[in-house]
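Paired with subunit B in one complex and with subunit C in the other, subunit A is shared by the two complexes that follow.
Let's turn to the complex of A and B:
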């Protein structure tokens, strides 16, 4: 018998690394990464096609003006920010990435229950919470590696499809977005893992997880968007009617209660916070395009904080909730 | 491992079917497992009525009972997987409620139908569990255990390709590779063919010879008769019989163990009432 109890950090690392090896071995990581890469590439290429279309329209108009002997500076060249092409990719992380993270979390719990290895691990000399913590760390590692590959590929692909190189500032924004993505996917992994562990059968846990996914990732943000008066016309009602900012604020003030309610639905969704933060950092939202990162961070720290606290809270819930010994096997 | 069994003299008798060296030599030692009023209820319905039981160090204790009698609940309580509703228990001298980590460090556990990590080899599986148990040199412990169980040829094969019997032996390896003081086996012969049952029995005997205390839930009366040094019978959550195999064979010399088991189990509802 071993006289000394094993180190907690050692056990956490052992479980997390075993999980990582298993994910590599059963190719889940491979397929998850490939799916996100394909989605990212498709969104970048689509964005690039639209960009090249804008550039071609500008070039044609400019050439026409010059041919007519007029001053071409009358029309402004389209501004181009390569990171804006990542809009579709971020949306894919929000939706497809969330599904992958939920399924990965579910699998982390279901596989242990199905193989009865959960009982074996829990009878090892370590606190119960350390097991859940190790699983979440493993999930975070999975999210970090998957997104790192996707973001690295994006960083390589962006200059190729757009014809514009990335600056160091752009790289910094990509890293911030990667970190937010890791937090977001870890939260969803934790949700899938927790429900897979707590439900009477892991399959029921997966169903609960998907019900929450629909609510949090799809329904809440969609309701918020649909209820936004400014979204009722493509390009925005105020923009189309050329309503000045001061007038916009005056009109909105008349709908303060409605706007609070609409915003409340949106901000209940972690996905919306992830989107608001990343869209601002990458300059996808026009308000923040080209804005200094310091200013963006100052304005969007609330979204980042929500993302962090949501992940932390969910993780804490999973760690603190005792593992039900009647849920050690696949069916109970 | 060659332990002679005398089966020819009295094939249906208990005494002669047990290996010669299976004796209660260590019953005077401090108990490895000691429970006092240990009970478990679910929503007020008792799964295990207060159980008071001592299993001395070095014993092979056979825990018999019908399905749902509370045997697995008892093992889950003693392995700290479950928290008791009433009473206390000490395993290897440590209290299961106040010192669960020490208890876990001192025990090995093989649940029924364990499948292990099927994408990993035997060595990878065992190394993982050795590390979690705090074994100082996992590689050596794995090699020694594989050698002890005579399954060295399985070392680098993936567990997912194994038969039930092979998996059970690897499962047993994970339970003993940290040299636990007490080994809990929950229906270890479930689903095994006769050869598998025999191999498992031989392993249990080897472990007993090395002084390990073994607490075994089983349905196989023949295995109890051959391997165990004491038995307990649980019926409807109550311990209705507990004695040494020696005493059993003395008291029930003319009856089979099956008769004994059926007899106490049938009386159990009256006891419970």
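Let's turn to the complex of A and C:
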């Protein structure tokens, strides 16, 4: 047993490193990173421009009130929290990052089946789960590198577009978000890999993976979002009706059943847990803006736990499900 | 039967045997089925909230604003349908476009078809005919389910004009998803690697759905798939006005969302389409261009490239 472990870890490392080299060689990582970087930058820049527009509108309104001799405190000043500008970027990771991870997972399975090397690899003296484990580790490395580049670029760009420097605390929040992103993308990589390995043809596996992506990443959160009464009216229903907060809470209490059902649909999606956790950590959700990280972690540990257990469960399923000998080549 | 009809029939038979097409079509039909209920339930909730709020405002002697949700447009309960067409319908069309080439390539029948006395034009139009038939069938299913569910909601009264608007909306939906189907068909013909066309067309669809709306109007990805939130005005900034003018005609997802809001009567008052060209022009032009791309690509398809051994 003691001799088996170093040999096993050596095999796992060899396969994971070979996968990483292969991804680098065919420039998939390069183009995927570039696409995500472009989408993230577009989100940051457009968010910053919109915020500057709000600030200019506020300044003009304030100047007008002061010129009329009125009290300027009647209008709320826009708040400047640079991390709030990451909303669009996080949503791009949720959606585009997920597609990249699925395709990377599919490629990890399809490449072996297409070149008929899967059968060859499995003739080596190593357990079959170790092969899948190596592939997942390779995928996790891919997600970590891609997101590290995107987050590093964001950390450089944020102070430039927002005009507000990042603190050490902000850097810590970025790292925590990066770690959650790696976990989320690894789960989707595992899904793409598993379906690419199990399906009759890898291309069918990719189609099933995309169909699941639409259901889990887009449709489930979309249903919850659409059922939110505040999203039925531009600007929010309560804002339109000018109802004070206390009265809003009383009215909402009357729709507790509806709200539980709506929330139930949302939380069935791992994407929503990733979003709720990262939005709270970065202070994108107003109730967590400026809140200490300890408080955020205490309140959002359930979302992080779901993300972790989902990734673990999916990984476990891929490791434990035996590789069908009839699925060792591209066509079966 | 003409050669192109024969190719179309053979292609449709191949699609019918593929389980992924059946799964996607069933998924699409299921989402269409819940659309009307989603819209009806959300509208009812806002109406109930309004009644509560109006009671409070009256009791505290404050002015009661008008109900922000219009109850006069029965088709508005179908507002989620446009989203599901642009998500599941468009993806289904991409898969079908890819499979129309991939099935023959995978089975090794492309060289055999090439050996038959068919004009390449017949082969191209046969494949396109098959695609147009399936996307048309998907919209027909959506239409039948929508009408059936609309008639089951007791508080809704549908007129002939509503049905006409619904039919026009389904035609727009058909055009929108067929654009992506043609793209996938053309890309699959040009790229012999397995799933190459699927990935290429999906990337274009992702950019159109989630990146362009951010650039034209700062509409984030989650808002882009919310039928109400996506119908936001262009932010009052020189940058967004310029981007909206330049990219608006290419932002097909926004164009389709605007057309959906207009035809299903939930478009906010005074909201103009993004860019200088209305969707009534951009969608047909995009359909023609995507069709030409498919024609050129399938005409140049190498019948010996790819296949089960590559």
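Rule of thumb we're sticking to: the second predicted complex is superposed on the first by the 295 of 332 C-alpha atoms of A that agree within 3 Å, B and C clash if a C-alpha of one lies under 4 Å from a C-alpha of the other, contacts with A are read in each partner's own complex, and residues count from 1 in each chain.
Heads up, the rule we're going with is that a residue touches a chain if its C-beta (ideal position, glycine included) is under 8 Å from a C-beta of that chain, and two chains touch if they have at least 3 such contacts.
Note that the coordinates shown come from a computational prediction; the quantities given were computed from them, not determined experimentally.
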| item | value |
| --- | --- |
| Touching partner for A:123 - first (subunit B), second (subunit C), both, neither | first |
| Partner chain in contact with A:91 - subunit B first, subunit C second, else both or neither | second |
| Dominant toucher of subunit A (residue count), subunit B or subunit C | C |
| Partner chain(s) touched by A:37 [first = subunit B, second = subunit C, both, neither] | neither |
| Touched partner set for A:247, first subunit B, second subunit C, both or neither | second |
| Touched partner set for A:148, first subunit B, second subunit C, both or neither | neither |
| First, second, both or neither for A:72, with subunit B first and subunit C second | neither |
| First, second, both or neither for A:312, with subunit B first and subunit C second | neither |
| Touching both subunit C and subunit B, counted on subunit A across the two superposed complexes | 114 |
| For the subunit C and subunit A complex, residues of the former touching the latter | 18-20, 23-24, 27, 31, 34, 38, 41-43, 45-46, 48-50, 52-53, 56-57, 62, 65, 68-69, 80, 83-84, 87-88, 91, 95, 98, 102, 106, 194-195, 198-199, 202-203, 206, 210-211, 214-215, 218, 220-222, 225-229, 231-232, 235-237, 239-240, 268, 308, 310 |
| Residues of subunit A that touch subunit B when the two form their complex | 1-2, 4-7, 10-11, 14-15, 18, 21-22, 25-26, 114-117, 119-127, 325, 328 |
| In the complex, subunit B residues that touch subunit A | 76, 79-82, 92, 101-102, 104-107, 109, 111, 113-120, 128-129, 131-136, 174, 178-181 |
| Residues of subunit A that touch subunit C when the two form their complex | 35, 38-39, 42-43, 46-47, 49-50, 52-53, 57, 87-88, 91-92, 94-96, 99, 103, 106, 110, 114, 201-204, 206-208, 210-211, 214-215, 218-219, 221-223, 225-227, 229, 231-234, 237-238, 240-243, 247, 251, 254-255, 258, 330-331 |
